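You will see two complexes here that share chain A, one where it goes with chain B and one where it goes with chain C.
Presenting the complex of A and B:
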């Protein structure tokens, strides 16, 4: 088990770049998606990273999840440098950090029933409780019915798919849940329901969220601090109220005004 | 039977192909009841008899009943082709999955090895290997499979490149699943469509190959019948003993067309229907 060292997540001077070209004598182009970004998430705290589309938010998440190798910088989870972890340690780390991706439908295997998807997570996380009872309790907490277990992802609504993804992420009792644009495909009433669900889960399970979004107003109740980035670069960071009500930065004001 | 066919999607190629192959397989399976003869039973008083009431498809040089030999020979031809296909599909799928998933040096080496194998004319290599070694049905299966897996590996690899970038694969990896579970439980089912099409089309190509090898005397050895050996028996006097080559040739063509129609039908379904729409109840 990883030692519990504060902060839970610490990102230092992260640089993410994408390579293109370089073959057949052509010059290689490096596109910098994230430039020298640093932030941390302390125990009991949640953080939002906001910025317009293409500002590098998802690249930061992918680097934290180990799907992208950063060009530079350090990522510490509970004091451990995740780039120094062995494969086995990385698998253990994944129990503590769980993502809920933006496209909830594409995140569920189309060839597996929802039941298979959730029971697979139970096996991975070695949940020894009565598995059927565990799943039923979890579905109730997430606001889903038992009937969905025999269905495939294409037979669910967008909101149900998102809740299934959240349920799968919750099975391992993670410390940090990473939510990528969780409200992008929801109407206003569903947004409100989902915000309430996330608030309840945070309270009941002592969760920390790292939320990526471009919608400042919706994520405000869920987080304690907001980091604003633009074109992969740091703009400003601060407590929610300070950023939303007292910012002097023109870019942040534009983001706030854009969502009314 | 009809209820099964009703459940087959309304693709004409697929429906026709399935009907042809099901009838062919039923013919081969129930042949022992249709014909009272044994495939090796000789009746020298009936040599080279044209089709008659006692021998509906005639007899060969040794007076053996041609219908019986076509039934038993079909089992050999289809059996060998199916076994070689299963082997080739298994090898090709595993290598394609591993190359597509891991990439890097392993992928590079495998692809160059495939390029080398594809650079050789398959039929001559097979003739050389079988011709040099002890000619047995097992060797025929192994050799046919070994020179047939490369295209499948390439197709599977190309599909894995696409599937492995899907979010449901990232989600599976984020759960901490082992690589083997991600590959075989999550990626393989999502590249199964092209594998099934390749398998069906490969069977028809291997039926032709097996028939060709047997025709040349390198496949099934007398007195064991296969469609290729029977085809060969009729070549000395194709007009005088027309029934020997004609009926074996027709069965080879029917089986190849049947499997090709099934392959085309599945391909049509995969191309024109989204998996989500296909599965909606």
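Presenting the complex of A and C:
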């Protein structure tokens, strides 16, 4: 019998709801954004969560990162129940689990140079290596030039901002990188560059990705499995080839047809 | 033979020594679709704005843009007064902006936004204009137009906002619709539906469409003519491209290869490097630092327009001239 692999990330029956109204005598209105979603990411594996806008994809990521409290369900990261962690333990956990947000420009402080942004992350993550060497090596791996360190975010192109965000996420030497719609604001040639970059980094650093996207075609070469959700509910999950070429689900077929 | 409605000749936009775009020539015919494709920052949006005289203040627009009002009376946009242009914008040339939500007045309901445009164009009774507004909302695919009439822009999803923005652009009854990356913020499913809607409405109303996109597959599926821009310069013009087109410019070819790889769920071969900043373009052909066909001449001189026949033009010293 094969030994059981313990997953890096395990999400069990996750429920996320948002409240609105409730003031001035109005009825309180609860919207269920995520309903009973379960999945796991095993070591060496990457997973994509796919669905249309408003299907609850980002809410799942926010719950995993601890930015919102889920209404129900469990989230285990390397065996630890993250909902039971203290805030100090949560900070420690963020070394291993790093997000790259959808709006790459809004994630960079406009008053700081790219150099200060990256050195700040080095301080936060207590990286002991020779800092200058570390940053230079990282920039080469990400495909950015040294000159970028003295520039501000507004002086960068969309593709460069995205790479800086990825570089910052890589500083803590994470196990899992969470990417929220990484290709949404990019043109097709930048998408091609970024997919290749992510794939090389995954291979060189043994990274796991959890990617949220509405675009099946771009994420297909990048992940091992796909989870399809619709209106916060599970539709289907399976290996990439299985989902793309052999699905019988009508909704998944609609997503695939939208590619052509 | 369709008549010309917009004829652009040797158009360029400069600010001091910075050239934002140059050498742009094309003609748009009545009821046809021209797609402008290129990477982010290649000057697509500036070109569209310049077509209606909305280039940023201080920028120098040279060349000629002839707009044939009602297919007869020619207006030269580059020299027209602001007064003339304000009668053209909205009523003759409609605009769908990239960021739909930013083009609405947040204090007006969706219905009032459209009424506002209709009132400036028509003199009709209040009831007639309201009926027209509801009809426009139905046109762009809102099943419950009456409910939407009362909604405010912040209550709309991305896809609904795009459709409202289309209704606003159509409210003036234009002859030309300019859609600047209209599907930018939409997911793949909504994007496909929205583009189909624009195309259908243009066919139904015999509107000419200028569609701006960075998606080459989208360009080939939705247009009659294609203008490929790279760093502010034309790379290739394809008129009436056949279904299975073979582009001649290495840039167009690379974009098409990437799009095909993605369509087949395969890993694409990226174009090496990044597009140059418009403020510091390379000498010679602007694409040469990223081009696998580049030779010394590409570094030294700017390639002129080459006619490949069948209304196919390319700006390249070494174009692929294999024809289907």
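FYI, the second predicted complex is superposed on the first by the 255 of 260 C-alpha atoms of A that agree within 3 Å, B and C clash if a C-alpha of one lies under 4 Å from a C-alpha of the other, contacts with A are read in each partner's own complex, and residues count from 1 in each chain.
FYI, a contact is a pair of C-beta atoms (placed from the backbone, for glycine too) under 8 Å apart; a residue touches a chain by one contact, two chains touch by 3 or more.
Bear in mind that the values here come from a model prediction, so they are computed numbers and not experimental data.
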Review point. In the superposed arrangement, which partner chain does A:91 touch: chain B (first), chain C (second), both, or neither?
Key: first
- Query: First (chain B), second (chain C), both or neither: which does A:147 touch?
  - Reply: neither
Of chain B and chain C, the partner touching more residues of chain A is C
| task | Once the structures are superposed on A, label A:192 by its partner contacts, choosing first (chain B), second (chain C), both or neither. | result | second
Report for A:218: first if it touches chain B alone, second if chain C alone, otherwise both or neither.
-> second
Query = Just chain B (first), just chain C (second), both, or neither: which does A:120 touch?
reply = first
Chain A residues contacting chain B in one complex and chain C in the other none
Counting only contacts in the complex, chain A reaches chain B at residues 65, 67, 91-92, 94-95, 97-99, 101, 103, 106-111, 120-121, 124-125, 152, 154-155, 165, 168, 172
The answer for chain A against chain C in the complex is residues 52-54, 157-160, 184, 186-193, 195-196, 199, 214-218, 220-221, 240, 244, 254-255, 257-260
Per the touch rule above, chain B residues touching chain A in the complex are 166-168, 170-178, 185-186, 189-190, 275-276, 279-280
Within their complex, chain C touches chain A through residues 39-41, 157-159, 185-192, 214-217, 254-255, 258-259, 261-263, 265-271, 274-275, 277
